[in-house]
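What follows is a single structure, and I will ask about it in a moment.
Chains: A, B, C, D, E, F and G, in written order; residue numbering restarts at 1 for each.
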Amino acid sequence: MARRYDSSTTTFSPEGRLHQVEYAIEAINNAGTCVGILASDGIVMASERRITSGLLAPAKTSEKTYQLCGHASCNVAGLTADANILIDQARLRAGRYAYQYQEPIPIEQLVEYVCNYKQFYTQRGGLRPFGVAFLFAGYDEQYGFQLYQSDPSGNYSGWKATVIGANNQAGKSLLKTEYKTGEEKIPNIQEALMLAVKVLNKTMDGTTAAAAAEKMELYTMTRNETGECVHHILNQEEASKVIDAVEAEAASAGDS
Amino acid sequence: MARRYDSSTTTFSPEGRLHQVEYAIEAINNAGTCVGILASDGIVMASERRITSGLLAPAKTSEKTYQLCGHASCNVAGLTADANILIDQARLRAGRYAYQYQEPIPIEQLVEYVCNYKQFYTQRGGLRPFGVAFLFAGYDEQYGFQLYQSDPSGNYSGWKATVIGANNQAGKSLLKTEYKTGEEKIPNIQEALMLAVKVLNKTMDGTTAAAAAEKMELYTMTRNETGECVHHILNQEEASKVIDAVEAEAASAGDS
Amino acid sequence: MARRYDSSTTTFSPEGRLHQVEYAIEAINNAGTCVGILASDGIVMASERRITSGLLAPAKTSEKTYQLCGHASCNVAGLTADANILIDQARLRAGRYAYQYQEPIPIEQLVEYVCNYKQFYTQRGGLRPFGVAFLFAGYDEQYGFQLYQSDPSGNYSGWKATVIGANNQAGKSLLKTEYKTGEEKIPNIQEALMLAVKVLNKTMDGTTAAAAAEKMELYTMTRNETGECVHHILNQEEASKVIDAVEAEAASAGDS
Amino acid sequence: MARRYDSSTTTFSPEGRLHQVEYAIEAINNAGTCVGILASDGIVMASERRITSGLLAPAKTSEKTYQLCGHASCNVAGLTADANILIDQARLRAGRYAYQYQEPIPIEQLVEYVCNYKQFYTQRGGLRPFGVAFLFAGYDEQYGFQLYQSDPSGNYSGWKATVIGANNQAGKSLLKTEYKTGEEKIPNIQEALMLAVKVLNKTMDGTTAAAAAEKMELYTMTRNETGECVHHILNQEEASKVIDAVEAEAASAGDS
Amino acid sequence: MARRYDSSTTTFSPEGRLHQVEYAIEAINNAGTCVGILASDGIVMASERRITSGLLAPAKTSEKTYQLCGHASCNVAGLTADANILIDQARLRAGRYAYQYQEPIPIEQLVEYVCNYKQFYTQRGGLRPFGVAFLFAGYDEQYGFQLYQSDPSGNYSGWKATVIGANNQAGKSLLKTEYKTGEEKIPNIQEALMLAVKVLNKTMDGTTAAAAAEKMELYTMTRNETGECVHHILNQEEASKVIDAVEAEAASAGDS
Amino acid sequence: MARRYDSSTTTFSPEGRLHQVEYAIEAINNAGTCVGILASDGIVMASERRITSGLLAPAKTSEKTYQLCGHASCNVAGLTADANILIDQARLRAGRYAYQYQEPIPIEQLVEYVCNYKQFYTQRGGLRPFGVAFLFAGYDEQYGFQLYQSDPSGNYSGWKATVIGANNQAGKSLLKTEYKTGEEKIPNIQEALMLAVKVLNKTMDGTTAAAAAEKMELYTMTRNETGECVHHILNQEEASKVIDAVEAEAASAGDS
Amino acid sequence: MARRYDSSTTTFSPEGRLHQVEYAIEAINNAGTCVGILASDGIVMASERRITSGLLAPAKTSEKTYQLCGHASCNVAGLTADANILIDQARLRAGRYAYQYQEPIPIEQLVEYVCNYKQFYTQRGGLRPFGVAFLFAGYDEQYGFQLYQSDPSGNYSGWKATVIGANNQAGKSLLKTEYKTGEEKIPNIQEALMLAVKVLNKTMDGTTAAAAAEKMELYTMTRNETGECVHHILNQEEASKVIDAVEAEAASAGDS
């Protein structure tokens, strides 16, 4: 009987829960894992590529990582078709802000805009929540590099390192032990990449190192000497190098 | 069978109750506690931070306390995503009022605006109530410092000291015994802060003093010598000092 | 099975009843009692304050009595959040009338406007009736002081003395015996106040005289020598005096 | 199972019936009775006042009889709040017609306008029928005095004498035997008033003559020497005189 | 289980039927019978008056026959309130056509307009079909006198003689045997009237000849010497003459 | 249980079917058969007249065949009232195209327009599919004579010869054996007419030759010497001649 | 019980699935197979023609392959009527882009536009998803020849070779083994055609070689010497030649 509260997006259950939103979150918990890590000199986002086939065309645009504007990108977990709608909104918002104020949109403002858009779909009849969670990576003058996570309810929060998608609990607990939160020990990009790979190795159990480079999408956002943001998705070779380094480390750790 | 009245926001049950609104209130009763106390020289709001993790980014904007305009702030209990929508409305309203009349909006008018907005969502089909309760703290020329509380139904009321969120009944009864309502004995900011911490200590059972500073967000609103409102969220150090003072007092009370 | 007619505001039951409206009325029968009495020189409205706490802020605006325009006020029983919406409508209507015709709106016209607004919500899908009843007190040139009562269905009627809210039947029967309807014996404001207190004493059983002054809100509307309406909510002291006088009378009646 | 056709206003039952309309009619069959009688020199409408209390304010406007324009009035049986909406529409229509064509609106045109308005609410989803029946009394140049009856479906018909509301069948059968339909014997206003009282006496069983004057609202519409319509609601004294005359007649009939 | 397809106007049953339309047709099969007959020099429409009472006002406009424009009329079977809406639409359409093209609207175009209007109500949610069938009688330059029949689905067809309403099958089969379809034997108005009365006699079983004149509404549409259409509803005397003639014929037939 | 997918036009069943569309098609399978055959010098469409009665007026416009514009016609199987709406749309579209581009609309473009219109009604809530199938016959410069068939889903396809409505399977299989698809043997109009009659004879089992001419509507579309399309519905005499020829042929075939 | 989540397009099931979208995909899995293969010098798309009849008119436009603009085409699996709507949108979008920017629309942008359009129908009440999947083939300056696949959810992905429709799994696994993904071995158009035929042979089991040419629609997109895209659907003769070549190869393979 209690199930009847599930069927409509606009009603609370007697316990004060919004089942539709929880089910949408469920959809994301089955999606490919995404890891985001704030480094001392940039941001790393790493994500699991679920569908891999030799017949897939070499990706023109990434399937998991989308640049939103010059200074912000996002990783997607969940329904790609839903994500496209929100990404279009984010790009439009960023572009309009830049045009109107002649300066890049602050990252949190961009994130909140997307999240308010999501919230709308959780409160009205005849709509379903967006079945997608994001990691937002961005840089602005005031707060430097920032990493946000949002879910289908429209909630968002800022993190130094976090995981969304399948097995995110396992990933998070690894991060808790491995990520040094003290200001002085913050990892650099290279260390962050290795940490991200470790997390993915844990959440994507049963993948051999060989397959891993193909199944992982590693992204870094840094700033070049002129202060511009550099968005980079590691190619196979670069990715393999990171993955091998992680393996080597694990092996030597096993040795010792 | 009686449960069928629950499923739609727009209908009364035979007992004249609006179940959807009650369920939304239920959602809030599980949310982090917020305490508001009117002091002789300002207002104190203290709230429980539920999600604490070393991986969380240092908050750029607080998660529980939001400034609405130069002379008003609010504390949030419930769904953050819902709260964002209402906070945006409140800010817009305050800004428009200031622009139109060239003076700050009276606090109660601002509160009523937000509450009417909430009421709308309790009377129409295809909508659900906002799952969020607020403490509003503000100052205006006519009534000085004011503290309001509102719930998902759109009801609001002015208080000298109140509690919303989890265990608010326990918190309220503590306030009743500890808060001196006689005009002459009204607490100053410092006493109010300590009282607020005592209330949170009671509602957040099982937290050690060490963890407390991290789990409590303490906010004060005072006026400086030029008469401007000063919004201040205590940092870790300041918060610890208050919490330690409370502990010390309790210890000495235990001694005697 | 018969219950299914209840679930929608827009349908009649086979007996020709509108259940949603009846349930909304039920909501009001649980609300704090309001008494209205037409006096020879004004109108008295007295209402029960349900929520009383030392922690409540001294009311800036009354919780039960709302001035609608210079010559009309109302008392509210039921959902305050719903009432606010209707009160805003009434104020707007009164103001617009005054602006358009340069004279105060006739009381019944104001009452009918609010009631038609209520009726709208009883006849359309996707809406629920307003869960609020009113006592309207007003004065106009043509009919002098007038007292109206309205319910969630949009019905209204003019009364010399009436009661809404909890135990209104008991209150009404007391009024029937105590209120002198003959033109010559109509009570003056002071007598009406005492009668109103007597009614509340009956409907709010179990309150001691000491608590009563705090739990009762007594309001009078009179005209001053220049013919302007004077709205007055009795303060604690004034209220206590009336309540004491009622008690004294009862005691002396017991004596005799 | 058959009951499911009842729940929506917009569907026919397999027998081709519209249950919602029938239920609305049921609502009217429980309402206070109204009698309308065409006299040789005017129209009489008499109605039962259900709610009588010494505490009711002396009616400023009648509760049962409403003037629509200079040459038309109506009696109401059913939900007063619903009736107000339709009466407003009728007044607006009459006023606009007079303004546009500079002559009074023909009575049937006015009646049909109200009835089409009612019909709209019987054919669309999200609406319920108006729970109100009318007697319309009016005069126009072409057809003289006219009496119409309408029901919630939007049907209307012209009558020489008819009854709506509670016990209307009993009232109608009395009219059939007592009302002389032959052109030469048509009753004058005074005879029609007495006949109307007789009908109400029958439908309102158990009321003593003393109470009757208070419980009956007697209305006459006649034309003065300048040809203007005169709307008159009999006061207590006038009403009592009619009621006494009826009683006397009955007594003398009992004698003989 | 199959019944669930009935409850919505917008769905087909698995057998490809539209139940709501069929139920609306059912409503008409219980309504008063209407007969239409094409004569050599005009059209006859005869209909059963269901509600007859000495208290009914002498009809100002007929209850069953409505003139749509100078050259078209219709007979109504079903819900009068629904019919009024469609008749207004037809009159408006005819008037606009005449205004726009300065010539009378062709009859079939007028009929199709009304029928498309009806069809709209059979295909959309939140609407019910019109519960009314029509006989349309009209004359235009191109096709002369024409007789159409339409039902709630929006279907229409042209006939030389037809019956709608209660017992229409019995009426139709009588028409089949009695109406001479050969061009040379087509009945004139007088013969058509007698045939129409015969049909009504059959469908309205159990009415005595005396009552018949009151219960039948006989209408003829002919053209005068200037070519204008003449709409005529037979008065009691004229009707009785026709009915007597039918009776006489039947008697003499019985004799022979 | 599976039946619940039937009740709404906008949902797929678990097997990926749209039941409402299938039920609408069912409605058509019970409708009168229509045959369309592409001839070397034109198009033949033949259809069954279901309702035949001597009392029917001689059809001013055909009941089964509708001319859409100078160069296109259609045959209708299913709900005539639904068909009228679509035919109006088709005529409007053809007329607007001709006005805008000053040349006749290509046939397939006209057909697609109607079919997209139909599709709209299969994908949205609160609508039901059109319960009608069409045969479209047309001629344009580019493709010459063309024959299309469409169903309630909005699907359409071009054919050399096809059948819709009752027993269309039987009709199609006859066509398959009798219609010579080789370019050189394509039938001329006369042969196509005879073939169409043969198909109808098969699908309308149990009709005698005498009745057939009345029950069949035979239509030909050809071009005259000036290249204009000639739309012709065979009269009784012409139809009988074709039917007799078919019978004669069958008899001689039986002989041999 | 779990089935109730199926009935509305706008709700997630507790497992986070959108059943309506899955059912729409089911519809496509029963549709005719389409194969798309990227060749070194163009793209091949091959599809199964389900309905084949000698009576079908020679297709003026293909039933499975639609040109969208000068440089893009698509193959359709699923409901043709739904596909038409989306194809119209795609053509409009391509045309508008070309007009606005004076250059052909990039292929992925065109694909995403169609897919966002599809997504809209999966998130709103009162709509059903489009029951159609596409293969898009296109060429643009930046990425050369591209092949995309999209499904009813609005998801799309780029492929070197893929299969949609019935038995797509079987087809895909054949492609995996036969399609050489190494850059140097990419098939040319002729090899791709043969591979496509092989895949169709597998998915359309039970068709003889003779029937195959009629049942397969083979399409190639290449560029001519001036760089323009050439869209070509192989005629029967050309198709047979390819099919025979495949057979010959299979035979010789069987030999060896």
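Things worth noting here:
The rule we apply is simple: a residue touches a chain if its C-beta (ideal position, glycine included) is under 8 Å from a C-beta of that chain, and two chains touch if they have at least 3 such contacts.
Not measured: the values here are computed from a predicted model.
The chains that touch chain B as well as chain D are C. Superposing the C-alpha atoms of chain A onto chain D requires a rotation of 155 degrees, rounded to the nearest 5. The distance from the centre of chain D to the centre of chain F, with each centre set as the mean of the Cα atoms, comes to 58 Å. Note on chain placement: the centre of chain D and the centre of chain E lie 32 Å apart, centres being C-alpha means. Multi-chain contact residues of chain F (touching two or more other chains) are listed as 8-9, 125-126. Residues 3, 6-9, 19-20, 23-30, 51, 53-57, 59-61, 63, 79-82, 84-85, 88, 121, 125-131 of chain F are the ones that touch chain E when the two sit in their complex. Those residues of chain A that touch chain B in the shared complex are 1, 4-5, 8-18, 38, 108, 112, 115-116, 118-119, 122-126, 143, 146-147, 153-155, 157-162, 172, 175-176, 179, 181.
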